[in-house]
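So, here's a batch of structures to check.
Presented sequentially are two complexes of chain A, the first with chain B as partner and the second with chain C.
Let's turn to the complex of A and B:
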């Protein structure tokens, strides 16, 4: 068990002085002590951020398997990159059907860092999609969604859906050929819903056809509506993480002594905040060994995030982001191809007869999405090891295998077009 | 001497239906049964090796060893059939097709042959040194995985050939002799995945069948006593210095091992066959999109009746599997999951019955159309709308997938919650394993017949005819993507 700093708020003791060793102000180099230190002390006195940082940095996390638990923070870093690179793109982009393409062409050819920034935004979204998927997979395998962390899972799944929504609305904005035809195909999908489908399509398009209103609405969704929801969900997700603590996986809860009950009771007695997890099965309430988030876990998080940021920067520079010719509604030869993360869905629709596409999009995919969201309420057994959860592991393998297989078929199909 | 060649090249190829079609089919199907078992069983050996290294479970060790020993016999026989197939059948009887086809698939054949070299080296090295390599488990595992990779590529290259024969023309890209296009042939990927799963499922079925037999043999005496408690049963004879009691314990150990092996192997068959529904559907869809004639032949031609047989076989396989789960869980003394499995079996049976009805009561759909009988039976025709593939048979397939996933989850969960004592299986459950193996074998053969007959009247679709192996000069039909049928 790591040596823990007692959380003053939980213990009821008086808050520690900011000057104490190990505190934020204690980290300020002695050379700059003076006005800066006084300023920081003043701010801390008024805002109390030192206490907040203390709580964040010195929270206990499981010691074993820390590298696997870096994907959540990496997801957050990638979302922040998307926000910042998106802000830079907004400085040039004009959301108008007559100027969107030329503004991006200007960004690409005349702005010194424009092409790179667009590349970072694109590769950031690709990497984000991959990492958020890996994070979800890790959470599933380790059964971190189980009581009392059900809402962590639910908010995380919704976060994933919002990110997918941002990716598709972002793809509509350049108003080049790819973007125009993606918009046409995607905004057409709602019309497969019986009854209200045509109304939703008209609402999104702002009429019967794709045009300025469609671009404006997609732009609003991309930069305003979806990010607000995203930020709200991120806040909720992080709050829930702090509330329940990092679960880790079954390896963090193994007992080593001949008296497992006594060992678990000992763990509960010596638990460091935020453990013991409230409402959890006592066996999975406190990891067998913990460390402070700072510096051990933060170091791992930083390394993984830094590698990803470098990867995005390099790929943004080398590969950039494509820009087709300007949108041309009159063309008959252009074949729209979806982004790679939509390939499985696109390929799935190929397998449905025309009359059943709506069934494929909304019923089959809807049932799959509902099952994913409801996973913590379906799998209520106390088991954490994946092998001991065959009733959810097998359908999950089936789902994951199908998604990968559909993506491969999609790539093959696009190649043979 | 040039006169000899001139005399050989033109004119029809000699041969009869028996030699050129039936014999080719029989040899090919036999070869496939051996080859697929070898590839699939290597995957099972690799899994068992990993498990035995992690858990130190001697049963996995024994199973892996047994499978490796079976390779020596089966590879020898299978290789002899393969050589006979290539030299006598392909070169001797189908020479014009084989020579022409191998001209632009030369490198695929070359690498195929190369994988055989790798297979022979690794397979016999493992067979001859399996016990000695027990000291070096990682090396043994590495060699097994290498063999599996080698065999997978062997299958992949043959799939390139098979898919090239079925869908030779890539839409909009007339240069179909390009190797890259051959590898990325539209039906190659689904066929490869279909066979990857199918090989392991088939190997699992063979092992389950063997285990079922061995279990029955190990418990023969107990059955005789149970059937006729008052009759005299020959006492257990001691082997050499082994006392009677020791022999009984040995027999119990054998029963426990084969009970476990059968269950372990049948799970591969059962699980992967569930996935096969989905993969098989995508394969059929790619055939529909890229080789409509073949698809039509399978769904509406005379082969559609054989396809219905495959559909029935699939249902029987699932029923045998779920019945095994039910019997095994019942024997383990878990009534609640057993009742759930019984329910699943009933639902499966009803689905099977519903899916079994043919869409029409005649040879093929074109025959019905020609006879002006393509209308529902209540209008005087021979069509049964409830037997149509869309949506009814698709719904049956989806239903079978859901029920089998439920049954599998129920069985595994019950097995997890209350550890199962091996060796207590009912003899009926083992007969179900044997049935599962036989059904799988029949399905392998039926699938081969369907696949090979679907190209008729071509050997290579639109390029070489089966009849006298006539090489056609006309280009293949080029249907624009937008005009291709999406659904039946």
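Let's turn to the complex of A and C:
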């Protein structure tokens, strides 16, 4: 824990009294004296807010490439927006097959602010999907998953899977046509698992057919089960980030002098907390130059988050969230289409006919998911530059290319573009 | 007094572990049982009339979509849901197909120009007798459990709240 303590040089004057240690009392203007000042000092003394703030804000982060490192905090902000807007949707939404649709139709027709909030929840989820993907991509390119940050990557991949689960269970809730048929198709997929598949489908649906029990289960998954797992994983992910420090892209670890060994030894001696990263290759354990997270990095983070949140707010207002006709199991004309982020998986379903559906869905997707999770244990070389890691770069490009290709085929098939 | 076999500390360490296990077991048994309860829940056979009157006038080789209000799920009790019953007469046989595709359970419809049942999701095709003849469906189109009743010289169709074949 000694690495966590505040360096007096970086926090201003050496502390004389407890209330001088941090910024909290510094936020109180000099003119304010008496009980208010004493109150803030008392609160800080008892609760240690300044200490906490220092731990969070005065971490050293790599100097170069700061804009690329904004995506993690942007992901966190977008998830918080989803929590916020989702809780507000509970002011109205009823998880019942007879009332879910009418509760959302009411928002659409009669409650403009509620409709806006639902639009924010939808566009927030779309944006989150892009940003979490971009965050994973930048982490992959800079090889930030290498020792000792393997678990940062693994928790991150599981976070991505939970976000996908949130998206699909959320899509099941409005109980309009899109939602009903999404529920039907998605809950049917597990029955292709040999042996236990039918049982899993029955448990997910709460019966053989999609009905009220299915909606109740989707609702419970969406508002309790998955969010709790999500919060736990976020806690683990951020704990690991603080433990190992941020790993920047390769430009932060170049040596400039004729004596690289001496330069790296110098970096290790002068490292600011949380560096040097324990267990890391010495070349990559301290960036050549760092800045404090606050305000340099936090400003960039806030700019990106603000742009994204404004985009979500505007799109939520002008485009909103669609609502099909009410769920109708007896339709003959409805063409179920997956949410865009499930198009690649849906297209896979077309490719694997007859007895191969289970193989396509579980073996192909399962192997791809396992390879992504296991990336830090596959790519163990010390090399960080993407061009010098062709053994993982080429398979990754193939995977990304396949996903995009499948999505394009799906768009072509469903929308005849 | 007999010789001590374990120390106070060992007793407390083991006791904490044991009681923690007990707490876990206490909440796990009902949780797992509740979670798995749909597996052994039984749904009684409930019959529903196929709407739209008697089926005598439905022509041979012309699949006709009718609606039945079927209580598919009873655990917990749920209101009946409108479902499609495709009434097909072919070579003297009567079929009462559901329109549930066996691939991903999308809504199949009869396409008169193809002379086939077609699924809009992934292009599954079925013949007039429900045989899966194209696309990804792994099994034939399932029929509802059904029976006919003759009342006043007219034939009425009833379907039950389950499919004849498991899909």
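Note that the second predicted complex is superposed on the first by the 382 of 417 C-alpha atoms of A that agree within 3 Å, B and C clash if a C-alpha of one lies under 4 Å from a C-alpha of the other, contacts with A are read in each partner's own complex, and residues count from 1 in each chain.
The rule is short, and it goes like this: a contact is a pair of C-beta atoms (placed from the backbone, for glycine too) under 8 Å apart; a residue touches a chain by one contact, two chains touch by 3 or more.
Please read all numbers here as calculations on a predicted model, not as lab measurements.
Colleague: Which of the two partners, first being chain B and second being chain C, lies in contact with A:416: first, second, both, or neither?
Modeller: first
Colleague: Just checking: does A:199 make contact with chain B only, chain C only, both, or neither of them? Give me first, second, both or neither.
Modeller: second
Colleague: In the superposed arrangement, does A:298 touch chain B (first), chain C (second), both or neither?
Modeller: In the superposition, A:298 contacts neither chain B nor chain C.
Colleague: For A:134, decide between first (touching chain B), second (touching chain C), both and neither.
Modeller: neither
Colleague: Touch test for A:350: chain B only (first), chain C only (second), both, or neither?
Modeller: Both chain B and chain C are touched by A:350.
Colleague: In the overlay, answer first, second, both or neither for which of chain B and chain C A:333 touches.
Modeller: Touch status of A:333: second partner only.
Colleague: Please work out whether A:390 is in contact with chain B alone, chain C alone, both, or neither, and reply first, second, both or neither.
Modeller: The answer is first: A:390 touches chain B but not chain C.
Colleague: Chain B or chain C: which reaches more residues on chain A?
Modeller: C
Colleague: What is the contact status of A:405 with respect to chain B (first) and chain C (second): first, second, both, or neither?
Modeller: It touches chain B, and chain C stays clear.
Colleague: Which residues would you name on chain A as touching chain B in one complex and chain C in the other?
Modeller: Residues 335, 350, 352-355 of chain A touch both chain B and chain C.
Colleague: Using the touch definition up top, name the residues of chain C that touch chain A in the complex.
Modeller: On the chain C side, the touching residues are 35-36, 38-39, 41, 43, 65, 67, 72-73, 75-76, 78-79, 81-84, 99, 103-107, 109, 120-123, 135-138, 162, 166.
Colleague: Going by the contact rule set out above, which residues of chain A touch chain C in the complex?
Modeller: Touching chain C from chain A are residues 97-98, 181, 184-185, 188-189, 198-199, 202-203, 205-209, 211-213, 328-336, 346, 349-350, 352-355, 357.
Colleague: Contact residues on chain A for chain B in the complex?
Modeller: 335, 350-356, 383, 388, 390-391, 394-395, 398, 401-402, 405, 408-409, 412-413, 415-417
Colleague: Applying the document's contact rule, which stretches of chain B touch chain A when the two form their complex?
Modeller: So the residues of chain B touching chain A come out as 170-173, 184-186, 188-190, 193, 271, 274-275, 278-279, 281-282, 285-286, 289-290, 390-391, 405, 408-410, 412-413, 416, 481, 486-488.
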